[in-house]
Every structure is written in structure tokens, then in C-alpha cells.
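Below is a structure I'd like to ask you about.
We call the chains A, B, C and D, going by the order they appear; numbering starts again at 1 in every chain.
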Amino acid sequence: MALTGVLRPGHAQIRVLDLEADVKLYRDVLGLEEVGRDSFGRVYLKAWDERDHHSVVLRQADKAGLDLMGFKVDSLASLDKFEKDLQAHGVATKRVPAGEMLNTGDRVSFELPMGHTIELYAEKKDVGNGLSYNNPAPWNAAAERGIAPSRLDHALLGGVEIDASIEILTKILGFYPVEVLYAEDGKTVVAIWLSCSTKTHDLALIRLPEQGKLHHVSFWLDSWERVLRAGDIMSMNDVSVDIGPTRHGITRGATIYAFDRSGNRFETFSGGYVSYPDMQPIVWSIDHLPEGLDYVQRKLHQSFLTVFS
Amino acid sequence: MALTGVLRPGHAQIRVLDLEADVKLYRDVLGLEEVGRDSFGRVYLKAWDERDHHSVVLRQADKAGLDLMGFKVDSLASLDKFEKDLQAHGVATKRVPAGEMLNTGDRVSFELPMGHTIELYAEKKDVGNGLSYNNPAPWNAAAERGIAPSRLDHALLGGVEIDASIEILTKILGFYPVEVLYAEDGKTVVAIWLSCSTKTHDLALIRLPEQGKLHHVSFWLDSWERVLRAGDIMSMNDVSVDIGPTRHGITRGATIYAFDRSGNRFETFSGGYVSYPDMQPIVWSIDHLPEGLDYVQRKLHQSFLTVFS
Amino acid sequence: MALTGVLRPGHAQIRVLDLEADVKLYRDVLGLEEVGRDSFGRVYLKAWDERDHHSVVLRQADKAGLDLMGFKVDSLASLDKFEKDLQAHGVATKRVPAGEMLNTGDRVSFELPMGHTIELYAEKKDVGNGLSYNNPAPWNAAAERGIAPSRLDHALLGGVEIDASIEILTKILGFYPVEVLYAEDGKTVVAIWLSCSTKTHDLALIRLPEQGKLHHVSFWLDSWERVLRAGDIMSMNDVSVDIGPTRHGITRGATIYAFDRSGNRFETFSGGYVSYPDMQPIVWSIDHLPEGLDYVQRKLHQSFLTVFS
Amino acid sequence: MALTGVLRPGHAQIRVLDLEADVKLYRDVLGLEEVGRDSFGRVYLKAWDERDHHSVVLRQADKAGLDLMGFKVDSLASLDKFEKDLQAHGVATKRVPAGEMLNTGDRVSFELPMGHTIELYAEKKDVGNGLSYNNPAPWNAAAERGIAPSRLDHALLGGVEIDASIEILTKILGFYPVEVLYAEDGKTVVAIWLSCSTKTHDLALIRLPEQGKLHHVSFWLDSWERVLRAGDIMSMNDVSVDIGPTRHGITRGATIYAFDRSGNRFETFSGGYVSYPDMQPIVWSIDHLPEGLDYVQRKLHQSFLTVFS
């Protein structure tokens, strides 16, 4: 198999301050489908074109942020192997038994040196995307309910120990760097965009003074026209918009950053290019971050480097 | 590494009847960049956003069609392994020495049971996409010269021995089925869309009464607006258009099929969805081929099943 | 006032064979809003962004086709003036009293030499577009219900007496020619695209062997992306598609032609350019009709010249 | 004729501080065609799809800003009539003889109470849009040279005496209000969007403490995708971007505001809706200006109310 091991970001568990307010945002404004609630009170949602049971889990908490990011691996064998490889690398892992998360199999959980909980899993129930597996239409009404991204795409995580985190993600989990932002010294990684596929980023990391921070969780839209539509819907629903619509120079994606009701940033974006592990990474220097972030405005929006959850 | 083994279709060598006429078409109308010619008279071209030396090779011949399709693999070790695995499977392989194709390393060549020459290679010179590896702009003038696809995307090959071909591609080379079209018996594969990545197709196969046929080579455009622009440019340049603009039900892509000056069909397309090997393949039945081919018109254009090179 | 006299096509009354089947098509598939029914059993609909009470009236009949096309004029004074000017030109006119059509004032009705009933009116109730007149959002959910054109745009009418019809429309009603299609002799008008505004066509005429024919009624979409979406929705709802998606060379519009359940052709389109009465008309010769009709395919779809209601 | 009198904004004469620097901007970045220079050193340009000789005139000066805005009227008779009507209204007019501006007939010039020079003219040489008047292609290479707007669309002018200016434009020149922004008192007009056609604005006015100010001159693009492309090209050429890409709530247009090398703001935009004089104007209150200006961000960019030339 050409695509093995870690396949994709499968779920993000996000802490929210007022569960029902943010269920409304993620379900009715962003347009995710609510697919279940569990005995812990967590609310499960999925994007319309995703087939696995859920990709977003909301948990009521006193502090916003990211509980964990889950990545689907191709098989139970890979799950076992990653567990061993992590341990061999000195990373403590924990097995979370199947069922702890609805319709999800065993998860191998560990903490990135940056302070984030990452988990791997091989099994999640295929609930379909609402289209038939036989002679399907290309989309249905769900594709236009709210902003209606087709899938969870990636996240950008922030923390101090970025170098050690990159090492684990690339050496053990098989991610490769697509674009890298360096500090003025040309050596210190400020941020990195990592892929485990042909996407320009399945996970991105940024160096921050605080550990375990969420910069944003990102959702995919099929066109720039859908990005404007997302912005319109955000405005209609009084969603706090941070940056955009604009194009990122980094990864070329067309984007809007906004905040959920608890202050967690999320992105709705489209575009970019197809990346492969044999490609030389694109290198950005910190003085070009303004156009890397907002290619049109070439503006270093202060919130980008200062606002996290 | 999550993406290993076969990475992508790297080049298609296409036979043309009047070399200069088709160089004009691929270079000036399709908008590929001419990157070299070799001592055999072959002309090498690449799409603007590709970084490897070439993706299309044109060869003057008495008969149109596909000489070979090359796939890039992630490493020389993989190249060796695939060579052994193919041989172990009873597939005769041939080493084509580095340099036989310009700026390309050793190739392992074999014949698909359907009659097509497939080759694997691990090395091709990175000539860049014309943008800097440091703080690049998202595109440049080359992205608007002619139709200007950003890359070679896939090909659809036709022949009799489709089942044995699928076996080699999936069992040995790691492709997985994304969508499958079955005959009325529900068992006979009429066509299959195979991926070695998260694209909906890196290679597609169709059952035909003749061996070794090329249905089309496909090039990627970034939007449906660019698909119409492609159609406009085809018209401005008297390119023979076969089908489109329309949407395929199969893979959801938005497409135009057209012919080069020698009768080789090519596609300019955009859209589709992101596929993964853990996803259940979409199944089409032959009576739904009309909407599978042309979702808007639901029309079985006769040329689709009868015209090849 | 710079824009006076005839302002725009305000309504088309269309005959349908099975009223409820076509109400479903125009309301639920095309996405017009049903705004009323009258004592004659007629069903009134409007496009989401129109503010006047209705733009489409469906009437059950034994034969499909167009009952009448209504044009809104800027004032009662203009209505009176046009009535006198028509009569002075030898055109018989009829006053249809206010209220015969729901929420519509007096109409001055006459027959075009081509056999179509055209009517002028100055008053129709402003029911709004569902957005506030104060600080409105740019669109609402109605803009995405079904194909959801924003407005009735134009119609193409066919008949024998095209020359005399053009004379009335241009000399008395103030339309001007934007594009003209001539027969091989370079003199006989085969078709003409007339504007009373800056649209490329508010009314188009085509020479046909039968009088009083409807070629199509056309609805405006805001983008080429919406045109594909229209095609998808047509397919999802088994609407018979005639031509497209493609671009017309004539007027540059991007289009799909389809048929309602009774065989009346309608168009969903976008694009074109802004026209003015001081511009020299674009001239097409009949041998270029293929690209005039379908610029990408350059194909004279036979239905274009042979299928009407 | 339904469209008579004032047809459209036909040219803007703009003062620039470094003529060649701004010729480069308007010609090579914005993508207008340079069509001539006159003995006063003025440089004439036109957008690719305009057929009249020019729409932008650049004049070297010590101070940036707008020299004059010219509107084309439908006939010499209208020109004479407007001249008399203006004089009858107490507005001093001046005849500028044909030829003072290249390829342009007599102009009737007057000063708006806001301090801007407005001129009317009936004749300007038709130089074509580079496409044939016979069986034309929908576009050509010029449509992709630089940002390549298809036409000058409108301007926003600022000054103190807005009420008297509105009176002249509506009562004498036939403009009608499409959208109006009122101050907190609900009576004082802060800004108004006026149309002489079916565009949402052919001329807009804003109340400012200084007379004769240019807020921006606006150019039309055919799609939101072209708006992003404009932003990319601005960034590639170090053009100072003010606001956008975003959507205006007012008129619904999708926009980028930027500055030429002299500090004159220009807009590249697309979208909006079709307006008619019988429609009730949309009313905005000043507290909604943030979303009126930037619908996505709902942000009152300070430059909007403070930066002019």
C-alpha cells in the first residue's frame, strides 16, 4: 500500500465554555452534523462528506483549548507498531479502550513534547456521508447546511518544545515537512507544516511561549467561492472573524480564521497544492511571515502570534 | 513515512503523428513548458507547478497512443523491492538505465497484462516550478500560459486483461480501489479508479476489446472556472473537444475531454474529493454509467466507449 | 432619468401540461418562491432576489408554450405613451385591467408580428426579496433553495415575422440590438439579441417557420460555479437537460438549457458583459452559429433550431 | 430608447505624482492598455473590454486626486439639453472643445457642489476591444494581462456639499439612488450610491470635511476568483492594499481597495446585483457601516473614512 501508517487527522476534541452555544456554532453555523452524545456529556459531530462517525468532539470545560487530536492509522498492526515505536523512543503511551469515544476502537494516546495529547486509532465506525455507496450523487442538501466544510483538514498546535515534537512526528509517525518558517537566525524553527499524505498540512506546529496551545482547527471547503460564502455566514451569525478572506502565502490556501463562542480559533479554507514527501520543503524566513500569513495584505496580524486557546 | 512506495504518475510518453503540431498543442495550447529534447527526437514537457524535470514526453510515430506511463517511487530501495516483487509475481521486468530518459534515473519497466508499459523510477531531476524555494509567490506568469494545468494527474488505460492488471497494481504496487464500475452481472469489472495517494485516481483502467489502449491522460486545474477557461482556449485553438464541460458522477470531477492533433484524448479537470485506503469503494453499475460519465447530461456519449488511441 | 420607458422583463406566463408537476419543478427544483394562486388556477412565482410580486406565472393548458411576456415600464405615463405609440404604428392594443393578474396594475397588451403576446405594465406590488430594506444581509436561505436564480433575465421567442417584430421593439419600445445573427446572405436576420438596459439581452428573437413559439425563458445565476450546481440539481431531479454547461459565444454567457415537465425550455445562466446602446452590435454569420451557441464544443446542437414550445 | 441621457462613467482623469511609476501601475499591474499620450503629457488608458478610446487619463501633478470624471451621454442632443438644464438650475458650465482630450468630442464641464469637475460628452472614438465585431471570441490575451478589469465601473467622490450634489445628479442628470447611508439622525446623508443604469453604482458620494476629494475609482472583474487573482498580483507588485478581499454589505460587491503609487485609492471588484429605478433604495444606518463596508469582518477600517486623495 502506498499510503500506510498514519492516514489523516480523524478527530479533534475541543474544550468549550458553554456547550450548547458552541454546539449551535459547530452544528448550525459551521454546518457539521451532530452524530451523538456520550455519558460524559461530550457532543460528537462530523463534516458532511466524512464517512467515519465523527471528527469533532466538544467537551464542556472551564478553559477553552484542545483536549486531544486523533489520527487514524491504516490498521491495528500499525497501531501496535506505533505504540512500540513511541515507547522505544521514550514516549510514554496510554491505551484508551475501545468505546471510550463513541464508535471508536482502541486509541494509543501520548503527549507531544509541546504538551498536546495526540492519539492514534485504527477503527471508527463508517456511518457514510449520506450519499449511497452505489451510484451516488456528488452531494446532497447537507453540503449546503451552514458553512458545510466537507472535512476536518488539519490543526495548528503551539508550544515550546517544537523541535522534539517534530522529531516524533517525522521519525516515528511518518510525517514529512512541506513548508517551514525559520527565525532570523535561519535555524530556529518558528513553525512547520507537516503532511502524512499529499495535503500541504495534516498537522502544523508553531513555537510559542506556552505549552499545549491550540492555534486553530481547520476545515476544508471546495472553492474560494465557498470561502466567501463561509464569511457571509459567519457575519450573518455574529461569528468573530480574525483574518480573511485572503490567501496564505504559506501553502497557498485561501482562508478565513474565526473563533468559536469559547475563543477557539477555527479556519475554513480551500486551495493549496498537492505535496509529496520527495519534494524539497519550502522555506520561509520570519521577515516574510506577513505575506506568508496574508499574501494579499502582507500584514502581520498581531492576533496570529498572540491569540490561542 | 505515511506515503511510501509508488508516489504518483510521473510521466506519460505519448505517440504523436506530427511532432511539431502536437508540441504546439501541448506547449502553446495546453500550456506545458518544453524542457528538453533528446537524441531520439523526443520532446519533454512539464506542467507549470511540477518540480520534476518532465511529465509528458512526445514521440513521433506512425500510430497514436501511449508508449508508457511512469510512476515515481519514494526511493531506490522501493524500486529494487518492486522489481523483485513483480518478478516474484511472475511479471517480467526490464531495467532501463538512467539517462535513457533525460534527467531521469534507472527505470524498472514491465508490461501490464492489459498491454501497457508501466515503469517505476525513483529519481528525476528537481528543476523547480519557477517559484523560489524561499518565500515563494503562490504562482507566476506560467500559471496562465495556455490552459496551464498545474500537474499531470492520472491516466485511463484500456485493454482486455483488466483483472490481472488490477491484481498487480493493488497487490504489488499498493494501489487501492476508489470507485469501481461493474457490468450487469454485478461482478465483472468494467472500469476501476485506483489511487496510490489521496487522489480519487492516480490510474484508472477500463475493459476494452483491444489491448494497450489509451483512453486519456489527465491534467489538473485548480477550479471549475479554470475548466471553462480551458474550454475557451480549446475553442480559440480549434482543439477537438469530446465531452464537457461537465461533472463526472464518478469521482465528482469537473471535466473537459479533448483530443490532441493525433487523436490522443486528454482531460483537463478539477474537483473530486479526498480518498483514503480505508474507505469503502464506491460502486457503479453499468446502467448508471451515463450519469457516472456526464452527471449533468446523464448521457452515454458513444465516444467514451469507442474512441481510443 | 437615464433608464426610462421599458425597464425589464417582469413576467412570463407559461403554459404547462400538468400544473402540479411543473409547480414542483419551478418551485422545488428551480427554486422559485410560490407567491400566490388566482381564481383562474394560475400559480405565481418569483425568484428570490426579485422584489416585485411575481415573475413567472404557470397556467395549466393542453399545449405547452408561452402565453405572454410582460415588461415593466417606469411609469403610468410611459404606459399610456407606449399604448398610443403602438396604436399609431398600427398595432392593436388591449387594456387588461389591474387585478386580472395578482398584485399587478393595468396592462397594455399587444401581439408581436411573430405571434407572441407582449404586455406592458407600470405597477406590481413590491413584496421585497426577503431581506430587509434596512442594513440587509447580502442573501438568505432562499438564495440556496433549489437552483435559486436571483431573477428572471430574458426570453428567446421564435416566429416568422421577425423583422416587423424587431421594428416594433426597437422603434417604439426602445430596445437596441446587442448581437445579431445573419443568414448566409448577410442580410436576413436569423436571430437578434435586444436590450432595454445594459444586459446583453432582455429579449431575443429567432426566425422560425412557426409563429408564437417559445425557445426559452432564462434565469440568472451569480456565477459559473452556480451554473454547475444548477446542472447537478437538474440531474438529481431528473430534469431533461438540452445543452450545457457551456459558454455561448453569442453574449458570452455561461449556460445550461433544460426543459420543464411540459417541454418548455428554460435556461440557467451567468456571465456575459455590460452592453450600451451606443455600442456597435456584434454580428454573427450563420456558419459561426455552432460556436455562437456552444463556444467550447463548437457544435450546432440540432435541438436548438428544431425544438420549441 | 429605454437607456438614454447619461449612459455611464466614461473616463476618470487622475493626478499622479510620478507619471511613469503610475503608468506602470495602471498599465502593467492593473493591466489597462496604454492607448495614447497627448501634448499635455497626459497618458490615456483603457480596460481591455472597453471599446471607447480611453477610460483613464493620468496627469502628472504635485498633488494626487481626481481632475475630473467624464460621463458619456447618448447623443449630442442630450449633451445640449443637459447643458441647458444645468444652466437653468444655476450651474455654470463650460464647453471643452473636441480634441482637447484625445479622440473625444465636445465636453460640457461643470463643478459639482462637492467640488469635483464632472463632464459630459457624447462622442469618443470606438477603437474596439481587440475582439472582432464579427463572430468574436469571448476574450483574448489582453483579458489576462495584469489584473485586467474589463471596464471602469464607478467612482466614490467625497466632499462637504453632498446634498446639493445629489440634487443635480438626480434631478438634472437622471441618476437614481440605489443605497443610502444615513447619520445617526436618520436624515443626514453620509453616503449615497447612485446609478444611471442597472449597475448598483455609476457614481457614489460621501460626506467629507474637505471638498473635491477622491475616495476611489473602481474597476470591474468578472468573478470573485478574479478578485483573489487581483490581490495576488497586487502583492506580487508591492501594491499597497487597503481593505479586502472581502464583501461589501452595501451593494454586495466583492472587493479589494488598494492605492496607486501616488496614494489614489482604486478598487477591483465583482458582484453586486441588478438595480432599477423603480426599486426602493436600501437604507443603511451609520452604526451598520462596519458590515456595510466589510461584511465578513464587520470592521470599520479607519482608512475608509480618513484616507482620500
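The rule we apply is simple: a contact is a pair of C-beta atoms (placed from the backbone, for glycine too) under 8 Å apart; a residue touches a chain by one contact, two chains touch by 3 or more.
Not measured: the values here are computed from a predicted model.
Student: Which chain has its C-alpha centroid farthest away from the centroid of subunit D?
Tutor: B
Student: Would you mind telling me which chain pair, A-B or A-D, is linked by more contacting C-beta pairs?
Tutor: A-B
Student: Rounded to a whole Å, what is the gap between the Cα centroids of subunit A and subunit D?
Tutor: One centre to the other, that is 43 Å.
Student: Can you work out the whole-Å distance between the CA centroids of subunit A and subunit B?
Tutor: Computed from C-alpha means, the inter-chain centre distance equals 31 Å.
Student: Which positions in subunit B are in touch with at least two other chains?
Tutor: 137-139, 223-225, 232, 235, 247, 291, 295
Student: Testing understanding: with touching defined as stated, what is the shape of the graph linking the protein chains, line, ring, star, complete or other?
Tutor: Contact map by chain: complete.
Student: For the complex, which residues does subunit C have touching subunit A?
Tutor: Those in contact with subunit A are residues 137-139, 144, 223, 225, 232, 235-236.
Student: Going by the contact rule at the top, pick out the subunit C residues touching subunit B in the complex.
Tutor: 224-225, 228, 231-232, 234-235, 241, 244-247, 254, 256, 291, 295-298
Student: So in the complex, the part of subunit B that touches subunit A is made up of which residues?
Tutor: 1-8, 49, 51, 72, 74, 126, 133-139, 150-151, 173-176, 195-199, 220, 222-224, 247, 249, 252, 271, 273-274, 276-285, 288, 291-292, 295
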